[in-house]
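Take a look at these structures.
Two complexes, one shared chain (chain A), two partners (chain B, chain C).
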Partner chain A sequence: MKTTQNDNGWFRRILQWASESESEGADAPEDPEKQEFQEYLEYIDAHDYIEFGAYRYMRYQQRKELGLDEPTSHYTAEPPTPQKKQKGKKSHHKQGVLRKQLRWYQVASVLITCVIFWILCLVVMELPEFGALDAPAWNEVVQRYLQQGREETGAVNAITGMILEYRAFDTFGESVVLFAAAISTILLLRTPNQPLRQRKAGDEILKELSKYLLPIILLFGFYVILYGHISPGGGFSGGAILGAALILASLILGAGEVGRVLTSKRVTYITVFSLLTYAVMKFYSFYTGANHVGWEIPKGEAGHLFSGGFLLPLNLCVGLIVACTMYTFYTLFIPTEEE
Partner chain B sequence: MIGLELLLLIFLVFCAIATVLCKRLISSIIIFMAYSAVMSLVWFLLQSPDLAITEAAVGAGMTSLLFFLTLQRINQLKGLEQDEDNTKR
Partner chain C sequence: MGLVYNIPLFSILLVVVSGVCIPLFRNGKHVIRFVQIVQLLVGAGSLFLMVGLSSLNESFTYQLGHVPAPWGNELRAGPLEGLLSFVFSLVMLLAFSGSRESLISDIKPHRLGNYCLLMQLLYGTLLAMIYTDDLFTAYVFVEVAAVTACVLVSAKESGRSIVSAIRYLMFNCLGSGLFLLGIAILYVLTGHLLFSSLQQAVEQYLLSGSSKLPLIVSALLMTLGLSIKSAQFPFHAWLPDAHASATTTSSAILSGLLLKGYLIILMKLMVCIFGPFVMVSSYLCDLLLLLGLAGMLFASVAALRQEEVKRMIAYSSSAQISYIFLSLGLGSQLGLLAACFQMIVHALTKSMIFLGAGAMINGVHGHYWGQLRGAARKVPLGGIAFTVGGLSLCGIPLLAGFSAKYCIALAALDADWQMAPALFGLAASSVLNAMYYIPAILVIWGRTKPNQEEEWKPISIGLEQKFALSFLLFCNLYLGMRFGLVRDLIEQGIYRFGSFG
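Let's look at the complex of A and B:
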């Protein structure tokens, strides 16, 4: 119950004070901290600006002089007289202007939103119709991808061909970005010698449902990754599904159980290994300037899993990187018990 | 088919407005999940199943999960726990 007093942040207090509304809830007037802060705001609004700490110290001194029993209890006497201005220093604070400014921010935010909405509507009016033949997106690039994509990349699914062959370098860069994000999060948030975070296991309904759902989700994630080159799907979407399945598993089994199998060290190893495998497998492409001279790849056939050449392991690498990154984010952001 | 698309698009606009105007953060996140789920249906109707799968996995799944974690982290889920405690009593 101690923490409920600190529920509202400073920002919300300021907003509540600016809109002059009485704070909701019955416990609001009994909150001495909030009341003190409101008095402080009114004080600097009426007088001159001083630091909050200086204000509190001044009130504490006054309370002591008045001889109140509890100097920390709620203060009822007259607000203190302002300190005299130093002549040399020019004060930027005008009196009574803070309340107006805060209200002006609200009005300004609504105005800016309206302007952006208007601009976006104008842009949408200018867009070509869906499927129009003279749209700028319909050009030789699309024609080449659709007509010669299968011969050149070996992928039945044109999107995978685009992602893993024509734009392979982009995909590599995205994977590196994900890896860098995961690594920097680990560096920032993980403290060594930290005990395993024990969470109370989820409730019964979640457990019973997940028993049946979890294998299906895992299977579907692997299906989307492995069949990415001959049916809709691919590394990124399948990796996201796999990551969600891992998170669900750590929700039911408790983070400690899954964390014993997938330690952050092991997850990092998997990610690095996948990245290096991807780089090595695409090296021929980067080396020959994406012309594949002398490295003709087998063409994919619909319904045959091992038919797209390198596309299957490439998809698997991307999927593993995405899944591991998602899982890392989750494990690092779950709050500890003592908070 | 046109009717279904219109219905979905109207639902999208409704969800987008409701996400912004909702008072409680947790309900706006749930509405945002619904938005993403309907959006993946719209992607499918626009004949891009790859995007539909990604939208359903990332938009409805991962993003809202991370949002929930953030809410837990900044102690915005406390009201719910209090409600649960009250109903237990």
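Let's look at the complex of A and C:
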């Protein structure tokens, strides 16, 4: 489908129309697509549900029979259907066929779900008992994590040692998933010239309260991240707390206030630099470990804040990535304020 | 340890880090250049790795970090992995060069940077899928691929591409879910995620004869999940729309590479975990064969009915993927060889067809057959690429598709009862391929009305595009005429790949 520049906002316009933020009347007559979509909605209210494409094809056929086959909308060329295909076409379009098929789909989906449920139940019956001492999952891998984890990684919290030292490559992949999700949302939802979405600030009581509450939440978030290798917590959970604090701040103080400090560009830069730092640090330990170069980072004394080699900065990087991703999602999905 | 052994880690990290750096750029066109340079570097590195390992005739595992494998992560590479990553890098690079113009015109400038970023992450993911030696690492990167691929489909903002991206997302989630369920069952049973430890544990279960049902169900779930993601026949509903509505670069890479990434994981499951014995005793091989056979025929029949060029090519992709399933389903080493060869041939051929079709679509500004009449006269090189690719998939000798079919047929002749159905499927699907590619070729080379003749003067396309299309044409001819070298390399690689040897 070849789209030209001014047609690209089609989907956005439908979204705006659906949230009724666009003023009616002024724009309506000169927007044939919107008009067509409205007609379509009326049609499916009155008749059976059909797909938008099928509806447009039907309208196209009707117009063709009437002899006015100039396209009403300018954003796509109508399919010039080949001659040979047109003869058999009408017999396929019986009323209600799709609806009958849909009913079969519902029956079939329930049946399939039941069968899969039954099979999975059978499988679970045969699996080793959860938490049993002789379960195969309790093997030398887990034993080493728990018994030697403290001296090998310098982390008291075995989980942090596991995800950031033993299986750091997987965690790198997980951070990349988060980063990819954030970038995807930015790519789909952000347009450059669109003003930052505003939301009115909360009332005075909330603002007063937040003065006391927000610093504590932020502090707690950083505490969970920084002590991730000593006590329960770590980058992922602490980052979620930080992200929640940022969202709360922008709800109470208004997105404009927070947005002035944390512009979308800065948030992206923070994510990028965290991920880069993570990659560089892990590359160092992968490389030195694989080639047996030595040069290990000193582990320090387990239980102290500055211990465990790279664990502390790694946790910080993961935490920042999580917090920024959450905040980015929030700013992009914030509903626009109606005055 | 020599520098060669560091190439897998270097290439994955280089690609991902270069992707992450992209938001620091301001100009989208510079980003494309930057991405291409990285692809060139990684491609050269992979070539070096492949040649080095092939001459040493060895494969190695690369320990990531200070802790050895069952506790830490590791990568694994051999000649086959080197070859695959070289071909993937080549296709990435050529797809970017070959559709540079349509990329710039289809994607809005402020999105170009992020688009390239996601493409680069997808590329890194594919490399990780090739080199991984651990089930969970594979899953993590399958997830990255799912997120990035959906957005690559919807990056060209038209209503249809967004609808098809949402459909794609649904199928992707279903596939990931089933795959994860399979991994979970396998982990509870064995307590391992590393391929080699898993293989030992599974062998012990087989010897003792206990827990057969969970093993089979987990193998089935993983196979099902991966076949949904790689658009095998009954689960291919998302493919045509997703590939047809995306921009040309996305279609070429998704169809040419991404589907293969999942198949590489499936192949690793078959070879490195379950081994030939489980595959045959649990009828999994037969299932793959059946899926492959059905897909070869039905997807081709569906392709016959398409009125849009890209949709037809997308259905043809689904049919070609079925060839790989069929050869995997033969369950022999020859079948595996044929599957790998078909993967490489299809990656190169399908991207060439998509690029050719993209050039023609750009030339005539239409993508229905009626609008494409005579398009090849307007964009001759695009037309030649489409024609050669189409004929190659029909199995005309001296072209790459023929040698792939030849390998599959050789593998089929070696099998017992699977021989007749496989050969029949191969023949029937070749005829079907010809039934839709030859009319398409006739349409694009056909003359329009005499008074419109001057409208179809050849238009010039960029030098880079010309180079990319010519190089793909050369690869196709080379693989068609002298495929011995590549075949030997794959054979050597498979021997080093797993327990089949």
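Heads up, the rule we're going with is that the second predicted complex is superposed on the first by the 208 of 339 C-alpha atoms of A that agree within 3 Å, B and C clash if a C-alpha of one lies under 4 Å from a C-alpha of the other, contacts with A are read in each partner's own complex, and residues count from 1 in each chain.
Convention: contacts are C-beta pairs under 8 Å (C-beta built on N, C-alpha and C of every residue); 3 or more make two chains touch, one makes a residue touch a chain.
What you are looking at is a predicted structure, and each value in this text was computed from that prediction instead of being measured.
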Touched partner set for A:244, first chain B, second chain C, both or neither: first
Touched partner set for A:173, first chain B, second chain C, both or neither: second
Chain B versus chain C as contact partner of A:135, first or second or both or neither: second
Contacts of A:234 with chain B and chain C, given as first, second, both or neither: first
First (chain B), second (chain C), both or neither touched by A:214: neither
Partner chain(s) touched by A:50 [first = chain B, second = chain C, both, neither]: neither
Of chain B and chain C, the chain that contacts the larger number of chain A residues: C
Partner chain(s) touched by A:262 [first = chain B, second = chain C, both, neither]: neither
Contact residues of chain A, present in both the chain B and the chain C interface: 3
Contact footprint of chain A on chain C as seen in their complex: 1, 5-6, 9, 13, 16-17, 20-21, 23-24, 62-67, 70-73, 106, 108, 110-111, 114-115, 117-118, 121, 124, 128, 134, 136-137, 140-141, 143-144, 147-148, 150-151, 154-162, 181, 185, 187-192, 201, 211, 213-214, 217-218, 245, 307-308, 361, 365-371
Residue ranges of chain A in contact with chain C within the complex: 1-3, 8-12, 14, 53, 77, 79-82, 85, 119-120, 122-123, 126-128, 135-142, 144-145, 152, 165-170, 173-174, 176-177, 179-181, 183-184, 186-188, 191-192, 268-269, 272, 275-276, 279, 283, 285-292, 296
Parts of chain A lying in touch with chain B, wherever the complex brings them together: 3-4, 7, 130, 157, 159, 224, 232-234, 236-238, 240-241, 243-244, 247, 326, 329-330, 333-335
Residues on chain B engaged by chain A in the complex (per definition of touch): 46, 49-50, 52-54, 57-58, 61-62, 65-66, 69-70, 72-73, 75, 78, 82
